[in-house]
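The structure appears right after this line, and notes come after that.
Labels for the chains are A, B, C, D, E and F, by order of writing; each one numbers its residues from 1.
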Amino acid sequence: MYELGVVYRNINRADRAATDQLARFGASTVHEAQGRFGLLKPCMRPIYAGARISGTAVTVLMHPGDNWMLHVVAEQIKPGDIVVAALTSENTDGFFGDLLATSFRARGALGLVIDGGCRDVRDLTEMQFPVWSRAISSKGTIKATLGSVNIPVVCAGALVTPGDAIVADDDGIVVVPSANVRKVADAAAAREANEGEKRAKLAAGVLGLDMYKMREPLEKAGLRYVD
Amino acid sequence: MYELGVVYRNINRADRAATDQLARFGASTVHEAQGRFGLLKPCMRPIYAGARISGTAVTVLMHPGDNWMLHVVAEQIKPGDIVVAALTSENTDGFFGDLLATSFRARGALGLVIDGGCRDVRDLTEMQFPVWSRAISSKGTIKATLGSVNIPVVCAGALVTPGDAIVADDDGIVVVPSANVRKVADAAAAREANEGEKRAKLAAGVLGLDMYKMREPLEKAGLRYVD
Amino acid sequence: MYELGVVYRNINRADRAATDQLARFGASTVHEAQGRFGLLKPCMRPIYAGARISGTAVTVLMHPGDNWMLHVVAEQIKPGDIVVAALTSENTDGFFGDLLATSFRARGALGLVIDGGCRDVRDLTEMQFPVWSRAISSKGTIKATLGSVNIPVVCAGALVTPGDAIVADDDGIVVVPSANVRKVADAAAAREANEGEKRAKLAAGVLGLDMYKMREPLEKAGLRYVD
Amino acid sequence: MYELGVVYRNINRADRAATDQLARFGASTVHEAQGRFGLLKPCMRPIYAGARISGTAVTVLMHPGDNWMLHVVAEQIKPGDIVVAALTSENTDGFFGDLLATSFRARGALGLVIDGGCRDVRDLTEMQFPVWSRAISSKGTIKATLGSVNIPVVCAGALVTPGDAIVADDDGIVVVPSANVRKVADAAAAREANEGEKRAKLAAGVLGLDMYKMREPLEKAGLRYVD
Amino acid sequence: MYELGVVYRNINRADRAATDQLARFGASTVHEAQGRFGLLKPCMRPIYAGARISGTAVTVLMHPGDNWMLHVVAEQIKPGDIVVAALTSENTDGFFGDLLATSFRARGALGLVIDGGCRDVRDLTEMQFPVWSRAISSKGTIKATLGSVNIPVVCAGALVTPGDAIVADDDGIVVVPSANVRKVADAAAAREANEGEKRAKLAAGVLGLDMYKMREPLEKAGLRYVD
Amino acid sequence: MYELGVVYRNINRADRAATDQLARFGASTVHEAQGRFGLLKPCMRPIYAGARISGTAVTVLMHPGDNWMLHVVAEQIKPGDIVVAALTSENTDGFFGDLLATSFRARGALGLVIDGGCRDVRDLTEMQFPVWSRAISSKGTIKATLGSVNIPVVCAGALVTPGDAIVADDDGIVVVPSANVRKVADAAAAREANEGEKRAKLAAGVLGLDMYKMREPLEKAGLRYVD
């Protein structure tokens, strides 16, 4: 995590097929499936509702108020990638807009996760190019200082290593280390298979207290009822 | 407010008919009608726009990161209730998702107000199960520690006593003590009856300055005009 | 900026034709076109998505929790104005709702920018009366203390002089001093004319690195690639 | 909690002797002793380090930016009281300064807890009149709107009923319902008696793991060690 | 407020003698004396307690993460000045440390007010060079982008014109337009002369209710007492 | 970073001699010396002023509101260590107090960095056991859920690997990867050697503009002076 001015061209992207599956489960199920790790902070919000994507991370580290490296990272994007942008300190400027989105999409990017600000949200919504950001801001950025591309970064409180799988939707963003993607996808599938039956029972009025057999542990823990 | 590990089964719910009326007026009118009291802090936001509900509060107090008591409170829900969930300290984890919503709805709950995080917002939106929360987060919670059900709680800065009426919409959430519900509903109705005429006048170009006879008090207070 | 209890009736509004053009370009392009100045802080958000307006500022300064001056400013509105409301200290109360919106619209106002809270957002959305605010809150306000109308104010971190042009959309809010409006409108038009071609190139896969000739300055700055 | 414009003159103050003891234990021990309830939010900070007080609450509810009721509450102070000031919505204005502190002290107040701002902190520090507040601000307040005195209030997230005991120090502020003060003081004393021995053991290098017999439950919970 | 890359060398500094007097009164009294205007937001805090200064403003506008212009402003400092640094968007980086403080002091500066971060606070405290900032941060800044010196700026929500008087202490920071300094100093002196007598009365147990003759207006406003 | 319920007993601690040197330089100089990386967010503040330490990191990951693992990490502390505590989601509870500090000190710990809350700050100050935390809170924590010890963690936005060097003082906290500690210590020493001469020049009135030869690049960048 300690190099500035470097672009790593070759990264080990997570298994494509397994990565692609993650979007189907969504961020919350994937987060559960990997043991409740890898969640970015909830201050990160989608610029429009309804997007749900999964892809492999290409990462970029930038200086506050300077988006030069977004042009550098564009060249490193491969189809199926999601760009994950981190900053060296907190900043809400509008690093990204519809021109960069056009370029990213042309390179095959599925979306952007940026621990900073985004602009042109009306155009991005029309293009249906999804962005998760800390803020929306018209403030333009300069192109003066080097950062790095495809180094491990901390984005909104989570470590993202280039090539990791990312899944993002209305609930948030989860990073899955590339080595775990298959296992996590399987666990998520198993979890989901499970949920249909549970949902049906709950809808029929069965209580979680009974379905999950919680009455005994609750009593043991000392819960008492007063009429 | 000072008991952990207790579930009160019998609470005095506010008058149903009067409570049901409150939704029609909405949070802002009800807040005015009861003398500008009982508003939860504006950091509480609906997970989707357009919901407007009123109901009787069943309350639950939980530990940060632990949603065990949501399963306990489910059993205490009666048709027409709104669950009001408070935490012992600030936390944005995703305490509530579509499975619990399915269960709550099966019990007759109209919605949830939670001073914490919520997840599965896409599913909740599809189900049209309204939630007002402090955050949206994929972060799952554990089931390890007792809280209480149906004790008075402070939720987002407002005291909520079990059985109080709750009205919630895009403007926010207001609690009405059960003893006041009828009176407040009447005051809200009177207020609203009043508004149609006012709106027509204002739309016709009459100024509030004149309609509310403010010119004299403004002058008395020292307001001066400069050309 | 140092007078309380004064209403200035005559202000020099920015050129109407040039002001009207700004909406077409939007806040982000206008912000760029005037050299990245005049942006209000990104904590200011529209109450619904999709509005894009430009108009001339009438300003009002209020005390926290007191909206009396909104009735005073209503009388000073001319068609094509946008009301810009500042507070003497931070406060999220609901200063503005559908009745005032009805009055403002009758006077010709295009929208409101308020460094405080707003309510009746469902009605305002139905009316399509756009508001940019710091918060949404049911909390009503009193009418007890004088502020001023049409004095220069600092609103969400930006100086707004009465008569300045305002442009607001989903990206944020920008103030353009009245003396600069024509020049800024021209610069924005030039900027936009430019963007179509760029967008086409980027969509065709041309990289910003090449289109903006960034490779040489990046290399000079020391960027290195690692395979 | 739903009356404006009322001053309750007679309140049931918690037992004086038991209340006086609480300061000796401090906020953290008292908070533990009453089962981890009654803590005000940690955004409340002392204006200077080192104060530690306990007393009985007289309460006051004010409008943002209006400190009129602080003059009203002054008359209701009795020796040994702590004034607890709540606001109807968030506001950081400087409601309180050295003149009011002089008056409060003359009436016997031991300190102030205010969910708003404070000023004259240099003078207050010299006077050693302790204040816990949400902010420090020079902003003066007006005297225009009625609030109430000695009604139950929610202050920084905790319910305070007039007469409750308050204990405040560098760690924060805890409210103890008047009915519980003796019991809580006893529990705090027992807790503290216990701590000397524990501290000595820990200082000698005994691990909490052993002293609290945690190894077995940790193992049961699945903790594993890797060399 | 709309020029980048410009240094104004000649500014009209407020009257020195009157400016020097302001420190004696402190920020809160000066803020009152000029009608409760000109206060910077309370998020601005001194890096150490006890400093109280007044001086004339030299202003500087910088880009987030870039402190180049602090070197430029140093040359424009005259004895008795206070540097007021604003940013084009929110940023907490450490723009200022002990080397710049050494330089500023050698030029005659009395202190710094910066709407960003500061570092070397231990050294600055030893030097007794007072700084009011939004944050303390070790994060270094670059020297790549032009801002401006001695243009009007918005700093922490207040407009500061070069040459205005600044008064800063533990309570906060107030700006006094240069044209008003004498008048404000006189008003502050009158205010303070007044306070000694008031303080003595209050210390003797006289209530503000009586001293300020508030009982009648409170009764008129509807205040009622309940025994 | 993806294991819960594991304690790594053997970690590679950074070189002791080099680590010990870092405290002498302080966080800001070390941050510069390693190329402006590794800074924890500025919301982390020391509980008292004046502490300056450096040591090797032992890490712990905890659940919000649960400090069980602090007892587990105590056993893994070796003389010269600093405990770095991260949470799975944001929480300000008081995880740490004087008893744990007594235990940590007995094991040889120099201090604690915790991305949560701390209590007993008066006692910790008397003991001179330094803590950097996000908050101060009396709120106690439970002992119910496993976390991990000595896994890589993200603490306040920075990745900390067990054994890394930590330097912390009034300016903030910097992590230095163990492999870099010697190099960084050398760079910091060189930097500091440099500063004495610079300070003397600046104190003598030499401008940074001249000392750093900035006039030419500023002119090239377009800076212009107006008289």
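Definition applied: a residue touches a chain if its C-beta (ideal position, glycine included) is under 8 Å from a C-beta of that chain, and two chains touch if they have at least 3 such contacts.
As the structure is a prediction and not an experimental result, all values here were calculated from the model.
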Would you kindly state whether over half or under half of the residue numbers at the chain D/chain E interface are used by both copies, giving same or different?
different
Round to the nearest whole Å and give the separation of the Cα centres of chain B and chain C.
31
With chain centres defined as C-alpha means, what is the inter-centre distance between chain C and chain F in Å?
41
Roughly how far is chain C from chain E, centre to centre by C-alpha average, rounded to an integer in Å?
28
Hunt down the residues of chain D that sit against at least two other chains at once, touch-wise.
36, 39, 88-90, 92, 137, 139, 145
Chain-chain contacts, ordered by label, are A-B, A-C, A-E, A-F, B-C, B-D, B-F, C-D, C-E, D-E, D-F, E-F
In the complex, chain C touches chain B at residues 5-10, 48, 68, 71-72, 74-75, 92, 94, 97-100, 102-103, 105-107, 117, 119-122, 125, 135-140, 143, 145-146
Residues of chain E that touch chain D when the two form their complex
26-28, 31-32, 36, 39, 42, 45, 49-50, 52, 169-172, 174, 195, 198-199, 202-209, 212, 214, 218, 221-227
Complex contacts: residues of chain F adjacent to chain B:
63-66, 88-93, 137, 139, 142, 144-145
Please give the residue numbers of chain B that touch chain D in the complex, ascending.
1-2, 4, 34-39, 41, 88-90, 152, 154, 157-159, 177, 180
